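Have a look at the structure below before the remarks.
Chain IDs A, B, C, D and E follow the sequence of writing; residue 1 opens each chain.
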Amino acid sequence: MPFVEFEGQKIEVDEDGFITDPELWNEKLAEFLAKTEGIEELTEDHWKVIRYLNEYYKKYGIAPMVRKLCKETGYDMKKIYELFPSGPAKGACKIAGLPKPTGCV
Amino acid sequence: MLEMALKGSKRYWGWIISLLAVMGVGFSCYLLQLNKGLTITGLSRDVSWGLYIGQFTFLVGVAASAVTVVLPYYLHNVKTFGRITIFGEFLAVASVIMCLLFIFVDLGKPMRIFNILLYPTPNSIMFWDMIVLNGYLLLNMVIGWNVLEAERNSVPPPRWVRKLIYVSIPWAISIHTVTAFLYAGLPGRHYWLSAIMAARFLASAFASGPALLIILCFIMKRFTKFDAGREAIQKLAVIVTYATVISVFFVGLEFFTAFYSQVPAHGMHSLEYLFFGLDGHGRLVPLMWMFVILAAVALVLLINSKTREKESTLIVACVAVFVSMLIEKGLGLVVGGFVPNPFEIVTEYSPTLPEILITLGIWATGFLVLTIFYKIAVSVKEETG
Amino acid sequence: MRGKRMDRRTFLKVAGACVLGLGVMPVTDVFGGNDLPKILRNPNALVGKKWAMVVDMKKCWDNGEEGCVDCIRACHRTHNVPNIGNAKEEIKWIWTASYENAFPDQKNEYMEESLKGKPFIVLCNHCANPPCVRVCPTKATFKREDGIVIMDYHRCIGCRYCMAACPYGARSFNFKDPRPFIAEVNPKFPTREKGVVEKCNFCAERLAEGLLPACVEACKHGALVFGDLEDPESNVRKILRSNYIIQRKPQLGTKPNIYYIV
Amino acid sequence: MVKNRDLKPQDIGRPGEQLTKLGKLMELPAPYDDPDMEPPLTEPKDSWKEKHCASLDGYIGIDTLTRPQTKKEEEEFVKKFLSGLEKIFSDETNRNFIQPLLLSFEYCAKCNTCSEACHVYQASGKNEIYRPIFRSEVLRKIAKKYFTKSGKILGRFVGADINVNWETIARLGELAYRCNLCRRCAQTCPLGLDNALLAREIRKIFSQEMGIAPKPLHEKGTMLQLKTGSTTGITKPALLDMIEFIEEEIEEKTGKKIKIPIDKKGADILLVHNAGEFMSWPENPAAFAILFEEAGLDWTLSSEMMGYDNVNYGIWYDDLQAKKIALQQFKVAKDLGVNRIVIGECGHAHKAAAVSMDRIVTGEDNIPRESFLPILWDLVKTKKLKLDPSKNNFPVTLHDPCNVVRMMGVVQPQRNILKAICPQFREMTPHGVHNYCCGGGSGFAIMNYMNFPEFRNKVSSRMKFKQILDAFQDTVKDPGIPKYVCAPCSNCKGTMRDLLEYYGATEKFNIHYGGLVELTVNALVDIKNPFLEFLQE
Amino acid sequence: MGIGLSLILVIALVSVAYLGVEVADLRFLFGVIIPYAAVATFLAGLVYRVVKWASTPVPFRIPVTGGQQKSLPWIKASKFDNPSSTFGVVVRMALEVLVFRSLFRNTKMELRDGPKLAYYWEKWLWLAGLLFHWSFLIIFTRHLRFFTDPVPSFVKLIESADGFFRIGVQGLYITDVVILVAVTYLFIRRVVIPQVRYISLPSDYFPLFLILALAISGVLMRYFVRVDITAVKELTMGLVTFNPRVPEGIGAVFYIHLFLVSVLFAYFPFSKLVHMAGVFLSPTRNLPNDSRERRHINPWNYPVKVHTYEEYEEEFREQMKLAGLPVEKE
């Protein structure tokens, strides 16, 4: 398994850079992960999405439906793509510390 | 693509099964003929060719169906024929197959048929006839199939196919010409010994082939989703009209030469036998008059543009053309050549039941081939819309 | 092409000899086998360049008794010609036909009484320009170098094109199996199968043995004369030189080789 | 590197960097006939090469297959593979598939018919390694060499001429994931041989014997499903939350107030979706709900473990997993007391539940399973739904999911429905039982690690993309006209989503994808706004 | 390379037989012992194969279909392409075996200008394959005349129909011509089409050469180098009545022919030729697609560990509580 160095700590990620242990996630790490996705600065808009994702995950053990994400945050898909150029699943979920979405998603 | 012929309605299968039944009957009669010999036919020492060869001769004409649509389409760019060239070609395939079968059943020793290839004899017209007929069959099969396959794929047919199409046009003329030469070159058979024989063959071919094609188009329109289109049919009808006129005209020419010159050696006796009876024999007279009447009816209906353009009368006209040519070529021409015999004696001929059943069996085979090919073609047209 | 034909002819000559040599052996074996025994030609064989026959009808009518069929019977017996007993499927190599029928284009209403309705002996004319040979698609009918138009019964496919082509009605077709209709089989000559055409062969098999045609031999009155037209001293040439001769349908250009004295 | 078309099965063990490289792929029709229209091929990263097996064609399908560090590890690996190979030929250890395996293994006539049929091979520009019998040959060669007398005695004559080392086996393993298991080749083989089965047997050796399988299928697939009830990881609470959300959505979009029945005991129908639908295409379960309610069917969803996800990835690579999942799924239905399970828009669930598992679950447990397609066609045909085809008046074509047509034979209903509700429906060529796989079959759709998606989009989905473009040839260049690829299968939809995005086909040419039920709902007379999103502007 | 190897092998086989008979005079070996051994190998091998296949169950239902499945009564089903009854399966198999249905359906793809894929019916392989197999079968059946006395009437019938045509006076078996042409075509196809050539092993060429050599030696015997047929019959009748004797004077060609047949028989069960037996067992073709109509009981069921609700709750209790769902154990 690959690792990323973060604050002197080795954090396990998978081939595509998703952290494997969601417990390790914190806001600092999010900022770090955002850089790997090419997002220099996390704005409030970003945080709104990230927090929602993270909370939903904590509650249900799974990422929310994309549609629901849009609805709850009030951003449409276009906006979400603007915020996270690699998309809600690959980009936003990664930064929010979710594992890579699986199955027929 | 062949699998398209395996899917069909109850009616389709009913038709196929009835054809198979007729073929079965014909085949058993043929087995009888193989066993007993040609004695089961009405043929004799004097009239040694009859129904079989007559049907063969007639069907060579029907095979012209292909060229009558292919030539205008490819050489003169008559677009309306684009949809039906394939049907003309497949009709040609079916009729040539019937031709070959008729020759086959006419042979006394069919098992030796390969002798024609084994000992090729270029001075025999029959050798050439074998070549042109098989060649024509092959050409039309290859062309028809490839054009259809291309149509199914909505791509233009391969270039070499187009070249073959150009070859097939003179080739079609050759089958009629060579078949006419089969007769026209024999000394002592005055009825056949005529320079316009090949021309007569061509004329009647261009009448009977497209006439059948028109009838088939109407049948398809009735029973399938395919409609050849009014324009195409009308164009074909014009061809039939001219060809019938010329054909009848040529028969008239023969009458004139024979009866005005009064030279018995110009076929006068044969014509007398056919149309009026000779020495008290006249079995074919009623049939030949039927030919006259049908030809006349056809001419009236065809020349008159009103009746030609009306569907119902056009069908009647086409059937009349077809049947009249069937009588003239399919029986009269051949038998007329043998009566009277070289001793000026009249021996009459009439086909026997097994002979007729074998003939029907071959027609059924032809129709089976035709049905299968047409079914495929129609399915392809339905599929590609 | 020509060379090949020659070869075949020579082959058939040998084959013909085999028929004699092997007697009862079925021809199939001879034609079928490839180890053809090399039998030399009979030294007595009659050889000619252009065989022909003169039929002196006068002799036949004057000397022969009414209804003499000696020549016909001899031929048909020798060649296993069946008696089908039915005019339509009849097989005949030599037979009689009335003047009007045999010479249809030379008849007229007021012709000599002596000819009217008189029977003529007719047979294959062994035409010098034979249409039957021209049309045969398998070379089953062919012309030998000595002018005989002969058939290979094992090659004929029964298309009957030759029958349509022959203007003399010289050819017969085996509509059914002929064997039951042969009263007494001559083992020296093959029988035919159903489905092939046959006709007079100018007794080629007898010539090879040095014998005259069976019909010629059978005619007690010398009405049939056989000989080589290319030989100026032959009896046929002699007769032709000194008699009025007619031929059947000479206008057709077939150049028949049977000549009639009337 | 040997030219692609000169590669031979025995080359699989050839040392060297990469056995082959994608070259000239099958051409695409307009407007993609210009090679610049499609994204270029990329090189695998060096780090991947070091760690995984990128030496086949540069793509990595099995993310858990890692290079051994020591000689000993390599030997261990080879030994395990061979013992696995031996096991699949043993009656005791492979009783489920030994017979078809032997039949497919032993007497291929090498007639080449199957290669003509395989879209991967054709689309790759006929790269030899993708030929259906290439991997079968490799397997044959290895097996012959090690396990048959003829191979030992006759050697090369029967083709036992291959050396086995890590590279060979790893490449073979990778190669097993270059086949969609679509079985188009098996359908056409005149001897009834099943090259897909052989590919699957290779996958099985890797998975069952060596514990190596793509993570999306195994760890995050069947394992997750066995654990949480769904391959997506949806748990019961999440599901309930989602259904609530869907109900809201329906009301918002159509004005219909629908209560989606859950765990209704004794209902006639237990409808099971692919759980991915809830996550990614909630309009699909929504559309089902609308239609079933509209028609007045007695139906229910289940919120029990395994009751709300019909997928069974086991059938792609592991018999035991497949069986486990199926048994649990059927138990849910039994406990609910429904008459039948109806499978929603998921192709492989069709095949897994309705056909493959037929002999696995026995007796009373064998609850009848059905496809939703005949039911929907019944509703359309008997006019239980009021439909107005003019609402769907745009070009529509149909992608037949392999599992639904080829493995099961449900062919007519879907096209009959489309003919009834889409005036501009047109078929792809070929279609029906002769269709091509979308390129996402056998797990490709969800194998999203490293550069595998590129292989999918470039090669395995290429034929489908071509078919789509061909079907829309008349209007493709007009972005003003929306075009719709109807793909009644979650997996296929996932593939389409990636595919259309990869080629920019939606953006540039207005080509959309979606299921069949959405299209049907869109045609409902009493819904005012279009149900399909792209029509909503 | 594969071609050469196979060709040399077949030539070697022919030479072995020729030398063995003509030089070493091992007529009894080639005329009796080897044929017996070959037939024994053939039977034993085939039985072994078939028993092995047939005794393994097929728990997974894996047919491939070729048409609409039987479902609702008003959806037209393909009775034979997607059979749902044993009868349908039998017909499907019969179509497969007798007319090579699958091969018949096969299409060939070709990229045409456009670029447009065009699908052509791949008819030649189907036709050649069909002709080859049927000719083989008919020739084989005709050969029964050597092994039966009196010869059954169906053999005679086949013989007379097959030998209908004649070349000269010699009867010509159509199947002789057809098998030579068809095998040659199959071989040429294998060599000329690069994709096929490249997948071909020596073991693919060998049967073709063997059968070709077999047919050629047979044709030689019949049409060119005559052998003593009565003596052959004496030998073959001796073989089938287990009273073997080797009559004098049968030509060497016969022994070559017989030796090649023996090799074919012995080779049969261990090569791709077993497809003759295998096609019938192929589960992609011989299973009815009737999963909705019938239920299957399989006897080898093993228990499966089920993830129970308790376990499930154990794992997700916290989340369930969070979501306000009732849990059984606190």
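To be clear about the criterion, contacts are C-beta pairs under 8 Å (C-beta built on N, C-alpha and C of every residue); 3 or more make two chains touch, one makes a residue touch a chain.
The shown structure was predicted, so the numbers you read here are calculated from the model rather than taken from an experiment.
Using the contact threshold fixed earlier, the set of chains in contact with both chain C and chain E is B. Among the remaining chains, the Cα-based centre furthest from that of chain A is the centre of C.
Of all chain pairs in this entry, the one linked by the most C-beta contacts is D-E.
Centroids built from CA atoms put chain D at 56 Å from chain B.
Centre-to-centre separation between chain D and chain E, using Cα means, comes to 32 Å. The distance from the centre of chain A to the centre of chain C, with each centre set as the mean of the Cα atoms, comes to 110 Å.
Centroids of chain B and chain E (each the mean of its C-alpha atoms) stand 44 Å apart.
Shared interface positions of chain E, defined as residues touching 2 or more other chains, are 105, 114, 116-117, 119, 168, 316, 319, 322-323. In chain B, the residues that reach two or more other chains under the touch definition are 110, 112-113, 115, 118, 153. In chain D, 228, 235, 237, 241, 429 are the positions where the chain touches two or more neighbouring chains simultaneously. By the touch criterion stated above, chain E contacts chain D in their complex at residues 5, 52-53, 56-69, 71-72, 74-78, 81-82, 96, 100, 102-103, 105-109, 111, 114-117, 119, 122, 125, 129, 190, 193-196, 198-204, 206, 270-275, 278-279, 281-286, 289, 291-292, 295-298, 300-301, 304-307, 309, 312, 315-316, 319-320, 322-323, 325. For chain B in complex with chain C, the touching residues are 36-39, 43-46, 48-49, 103, 106-110, 112-113, 115-116, 118-119, 121, 123-127, 130, 182, 185-189, 264-265, 337-338, 341-345, 347.
By the touch criterion given at the top, residues 5-6, 8, 26-30, 33, 91, 95-100, 102-103, 106-113, 115-117, 122, 126, 128, 131, 133, 137, 150, 156-159, 183, 186-194, 197, 226-229, 235-237, 240-241, 305, 319, 323-324, 327-328, 331, 354-356, 358-360, 362-363, 366, 368-371, 374, 377-378, 381, 405-413, 429-430, 433-434, 466, 470 of chain D touch chain E in their complex.
Listing the residues of chain C that touch chain B in their complex gives 87-91, 97, 100-102, 104-105, 131, 134-140, 155-161, 163-169, 172-177, 193-197, 249, 252-254. Interface of chain D with chain A (complex): residues 47-48, 63, 215-216, 220-221, 224-225, 228, 230-235, 237-238, 241-242, 245, 249, 274-280, 282, 311, 346, 445-446, 448-450, 490-491, 494.
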